[in-house]
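A short write-up of the structure that comes next.
Labels run A, B, C and D following the written order; every chain starts at residue 1.
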Amino acid sequence: QDAVDVDAAKKEGRLVWYTSTPIAIGQKIVDMFEKEYGIKVEMFRSGGSAILRRFHQEMDAGRVAADVMTTSDPAAAAAMTRKGLFVAFRPKDFEQIPEAAKDPQGHYIAQRLNLMTIYLREDKVPPADEPKNWSDVLDPKYKGKLVTTDPSFTSLQVSVVGMMSKNRGWSFFEKLRANDTMVVQSNQQATDMLKRGERLIAVGALDSYAADERMKGHPIKTLYPADGVFVIPSPTSIIKGSPNPNAARLFAAFMISPPVQKLFPAGGGYAARLDVEPPAGAPSLKDMKIVPIDYDYIEKESGRIKRRFNEIFQ
Amino acid sequence: MAGITIKGLSKRFGAGETAFAALTDLDLVIENNQFVTLLGPSGCGKTTTLRLIAGYLSPDAGTIHADDRLLSAPGSVVPPEARGMGMVFQNYAVWPHKTVYENVVFGLRLRKVPAAEARRKVEETLALVNLTGLESRFPNELSGGQQQRVALARSLVVEPGILLLDEPLSNLDAKLRERMRSELKQLQRRTGITFVYVTHDQAEALALSDRIAVMHGGRLQQYGTPVEVYSRPANRLVADFMGLVNLIPARVVAAHNGGGLVEAEGGLRLALPLPDGAAPGDAVEVAVRPENIRLRAASGDGAPCARITDRTFLGNISEYYATLPSGQVLRVQTHPLQQFAPGETVTIDIDAAQCSVFRP
Amino acid sequence: MTASTPIAEASARPGVAPAAPGHRVRLEHVVMGAAIAALVILVVLPIAALLLGSLVGDRGLSLDHFGEVLTGRLYLTALKNSLVLGAWTGLFSLLVGIVLAFAVSRTDVPGKRLLEITASLSYLSPPFLTAIAFVYLFSPNAGLINVFMRDVAGLPWATFDIFSMTGLVLVTALHTFPYVYLLASSALQSVDASYEEAAQILGASKLRTAISITAPLVAPAILSGTLLAFVNAIALFGSQAIIGLPGRVVTLPTRIYALFDYPPEYGLASALSLVFVVITVAALYLQRAFLSRRSFVTLAGKGGRPQLMPLGPWRWALFAFGVGVFLVAIVAPYATLIAVSISKSWGLDFWKGLTLAHYKFILFDYNVTQRAILNSLMLATVAATLAVLLGAVIGWIDLRTLIPGRKLLDYASLIPLGLPGIVMAVALIQFWLRMPIALYGTLAILLLAYVGRYIPLSVRAANASLRQVDPSLEESAQILGASWATTMREITLPLIRPGLFAGWLLVFVPVIQELSASILLFSSGSITLAVAVFNLYETGYVEPVAALAMINMAIIGLAIFVANKLGGGGIAQRTTGYGAPA
Amino acid sequence: MAGITIKGLSKRFGAGETAFAALTDLDLVIENNQFVTLLGPSGCGKTTTLRLIAGYLSPDAGTIHADDRLLSAPGSVVPPEARGMGMVFQNYAVWPHKTVYENVVFGLRLRKVPAAEARRKVEETLALVNLTGLESRFPNELSGGQQQRVALARSLVVEPGILLLDEPLSNLDAKLRERMRSELKQLQRRTGITFVYVTHDQAEALALSDRIAVMHGGRLQQYGTPVEVYSRPANRLVADFMGLVNLIPARVVAAHNGGGLVEAEGGLRLALPLPDGAAPGDAVEVAVRPENIRLRAASGDGAPCARITDRTFLGNISEYYATLPSGQVLRVQTHPLQQFAPGETVTIDIDAAQCSVFRP
């Protein structure tokens, strides 16, 4: 377990956090941290891949702006670890994070877990019509009711599309296309389509947004397909050579502290820590079938995956 | 070919306090086949009159008849497209996107003249204005004078009874202008079309017109032949506008039946026709044109003397400033060969028959 | 005032010092050199970098990227869609713009002020906000208007699918028609009335005159506006992402943007961007070629004011059309955005959940907003100022000197007009990532992008106002002994000040709204308002997005107001009407 | 006050095939205190010459000296701001954003003249051009003539040795123009500044100048006093440009020492000075100005006769077209009171001493 020098961190006084954490939760984490330590956090919130692109461009330009980075792309995190861009850091409670969601040396540690599932408008889809597993959505009775996200703009979806196509072949998506599935840029847009009733079923979209809307009172129900959900960690890393290394460590440690971790289930998502309860009314991960993800494959093939997907859906 | 009768025509612009009477109570009879010019300083209402005749404006009072047809009256105006007139604009308004041929044939197309006949007519008209061979040029490939002839041809080809021209020569340089002037005059004589011509150049008006309507401040000042308006101006305004004029303050010494004797300060005495009702003792102004004063070497014959104070050589004319003993300065124009040096004392003869007398 | 024949133009051009070589370096040469260098840095180098980037592949220099871009089905479809979108938008802009322009400047249609406001507001509204609003109104199943038509009015055929090429064209055209409108109406106002009167007295009816005389005379302006609409239409990223993607209408900008997703494919993106540059440059070239052949057209003269065409009952039809455009382009999107911004969560019962919480969130709780507003205001102010100064110098070089290649300079300054923001951003990234200076990720690179992107607007504005200042006004200061700098400070700049302020606003407004370049170039410290809006939208916070959008418009309105107060008035009246040969 | 010496000055515009020689090999000596006019048709290179003198253009060949200072030579040009000249532009170029006072004081400010002295000088100069009291007006509140005087005052206040004027009167209407003309002339006499004046109006040039440089096609045609260029034109071009002229083809009958006898078709014989080397039998053209032909009622005294074919009343002059039996048409100008009717046969007298003879 690695120590954190709180005084040095306070002396640095600020840090820059690149993240794709949903804005409201991200903002809460920042506020809590600032309140706790008096250290200012400059949050750069954008889509997961926009964060990565920015980070890489800055690296190429010889500019390390970020101290801490949280994305939703474990494949990229693993690759960057290999390139030696991150600091190895094992904070307090490191062992509470599942093996699959962290680097053994602590180059990256999951901040939360993202479930890519199916969810739907329960007021408009009768229980009898609910799809039970992924291939059910190909049924023509769902024609014109489906929405999914574009892997070109949503990195979580790259893993879903990559593994689905690897396991089931591209015909799955061709049929999805034939079922007049709408493609949107982001998970939130998918939720939005459901909220307004434009589409009724989101296929391969982030569950926590559905939960968030559910809490606001929207009749949206998450399904956990029998043939497996995708669980993708959002890894947090400390950037090597960043301007505020101590504040970065303090923040990374803070990220997996119980108060922060409890924010996620409170917002409908899954915490990274094993000792934090799942969101209210949602099943525990132990009770679901989880599709294993081959991140090496995803990383190597991502360009091809996106292109193929777009060719099918254009 | 048609005549125009204008009765009591008035036009105001704007309303309320800013209303401005551009034209007031104009009476004008323009006879068939005549070349009539509206002449006056800028802003006197010439264009307004022309646009009323063309039908672009509707009068506030008065009527315009062409022959016996009522064209304009307050509230009922035959639109320009139904008047069968022609108009040549100051800037020619030759359509830049049409060739010469297309410009000229436009009016015939509107009249649905068969193509072959239209072509023949356009060719004839272009020949009339000396533009043969330029049919397929665009206006930007023509000189100013040629453009003006296109504008003319375009108006002439539809054989209007009346052709309105708004300062068509004002954009040309002196030489071209002089040439176009005589072409216009000949054209009018040849076609017999009634021309209503607007200009503020008195030389142009004198050279071209059968009759001149001198306007000022929206009112007609005089309507007459060139010689009448130049030599017998109805008032000071006309005298002044029609060319250089010396105005000599004088006093009536004797008056009889339309004529009389006046005396200016310094003893200059002239026997002249007098305005009606002039009585001895009245103050008047005598208007003398510079060419009606003659200079000769000083002689003791009792004729008034003057000293040459300035001299300007103008080519075909020499102009002198001759100062009378009274201090009155006279402008005199002579043949350039008749030379006097500044400082010289000369005898002056004033052609009293050519003078006009106005009450100041 | 009079026809600008080639000769008149040529002899109006003073020969400025550069004609005399080998002199000591003079201030004007330094300033002009700096302006040229700036243009090279802003426009030429990024494009060169783009070219280089597109040629560098895994195996050294190759044309592989172009090969893929020009054969891949994905890219060809995007290309085709972009062209189709541009063409239809151009056509619609043409129709709407010309009808409104004609109505306002040549007919007795009532409510002209409303039509004018419609056009300016349409130009000012960020198109991606209109797109968001229209998704709420016209998404096929749940769009408010569609629901109303289908379920309440019982008119299922009267519904409209916004997620389609048609929808995209509609939303885009609402933003681009003002180009045609503005250019056409100013041209219509400057057509000498005597051209029309000449046709009338020959017997042509009003309609005939309008068709065979007026329309051809203003054709250059209309064409120019249409091409601007075309070029802008294909460059707008925001609306194409929001409406195009769900409608499976993939376009070049969305394709390029996707190629930038992690891991980015710079080579392909650069090649695709160059395809874009070629299209837009070709369009601009066509436009210039067409216009230059017609530059002889003599507009404006000493004729009277044009008469207004009495339309009779048709005026009400035209008025209804104008009101229709107003409703669709202004009322519908703004009403929607306002409604969304004050609803607790859109989709639930609207009247039960009215709240100002979203305004509070974006203004006070979400710490990005304030920074974004400050950044945007600062960037827009600085960018507009720089662009205007640069534009003034470039315009001056073009109009007042005989430097060889000055036309090239003018052309270079026009190219960005056809560069979609995203392409500009790619070019800048390609270039500045290779440079030792770490510009990337700073406000400076955004500034470069903005100035570079909007330099055509300020050059045009400066050019137009310089044209109205007769060179002899400068020369007369010179012969009294004034140096170049004095002449500029005392004579030229004060005289073109109103034009420069107009140019300043012309740059300021789009910079505040700029999204497509910013989205690639911003970083945590340099986030801008438009990016903040888009980020919120991308992560689904639609209600705060709507609130932020309203704040965005408020800022733009305020900025325009302030700039008008500072720069308008007074001198404009004094200088207009000062007849100087064009 | 300074003189200007121009030697071998040439200027071309454009390059390669489209190159155009605007000015070719101009030699001109403008003496101190003179009023010199550059006169010629549009495009003849007048403005080019003026702009070369001002330093806005650099010459391709030749030099310009002011007194003994070299101002312009190919490749080395003293910039306008260092020449200490003044210039009045055709459109006045009065700065619309400055008041009359600010316009005029500008040059003094540049010369760092103390404020009090500057104010005094401006006031003096404004008085000189009759603008006292208008100091705080803006140009748009002035008439054209007043604006022109502001432009003049602005140039004069810095006391230039040389004042260049490019068609300063061409924008004014006839009456104002005539007035400004005499004001300009008086001003030049009073200040003694060397004026270089550009115009294409020959009447203006004749009225104003000490010497006139007549240009055509970029070349100097004649340089002389008004009477010289009008009455003794160096060639046909000058004769034609300086006013109306009748060109009568004729043949030399006898020649002796600078004079001789020519005979035109139809028997018209004139004893005239002949160009050098004219030999009997040579074809020549005799140039006669209209005012040097006199008409009188037909008489049998052997003088040639002609028939009046047209007549134009021009106010201070009447113009006749008189056709000789040979068919040659002569334009004749007479005093308007001397009247002949078209169709009438008259006797003509040609003032041979005023004729010029050119080889065709």
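Observations on the model:
Throughout what follows, a residue touches a chain if its C-beta (ideal position, glycine included) is under 8 Å from a C-beta of that chain, and two chains touch if they have at least 3 such contacts.
Please read these numbers as outputs of a predicted model, since none were measured by experiment.
Chains that touch both subunit B and subunit D: C.
Mean C-alpha position of subunit B lies 53 Å from that of subunit C.
Subunit A and subunit B have centres, each the mean of its CA atoms, that are 90 Å apart.
With centres defined as mean CA coordinates, subunit D is found 88 Å away from subunit A.
Touching pairs of chains, sorted by label, consist of A-C, B-C, B-D, C-D. Within the complex formed with subunit D, the residues of subunit B that make contact are 41-42, 173-175, 200-203, 206-207, 226-227, 230-231, 242-244, 289-292, 312-317, 319, 333, 335-337, 351, 354. Across the complex, subunit C is touched by residues 13, 43, 47, 51, 54-58, 75-77, 79-87, 89-91, 93, 95-97, 106-107, 110-111, 138-140, 151, 154-155, 158, 164 of subunit D. By the touch criterion stated above, subunit C contacts subunit B in their complex at residues 2-3, 5, 192, 194-195, 197-205, 208, 212-213, 216-217, 219, 294, 296-298, 301-304, 307. On the side of subunit C, the complex with subunit D involves touching residues 7, 10-11, 14-15, 17, 19-22, 470, 472-473, 475-483, 486, 490-491, 494-495, 571, 574-575, 577-581. Residues 16, 18, 22-24, 27, 30, 42-50, 52-54, 56-58, 60-63, 65-66, 73, 76, 150, 152-153, 155, 182-189, 191-193, 195-199, 209, 213, 216-218, 302-303, 306-307, 310-311, 313-314 of subunit A are the ones that touch subunit C when the two sit in their complex.
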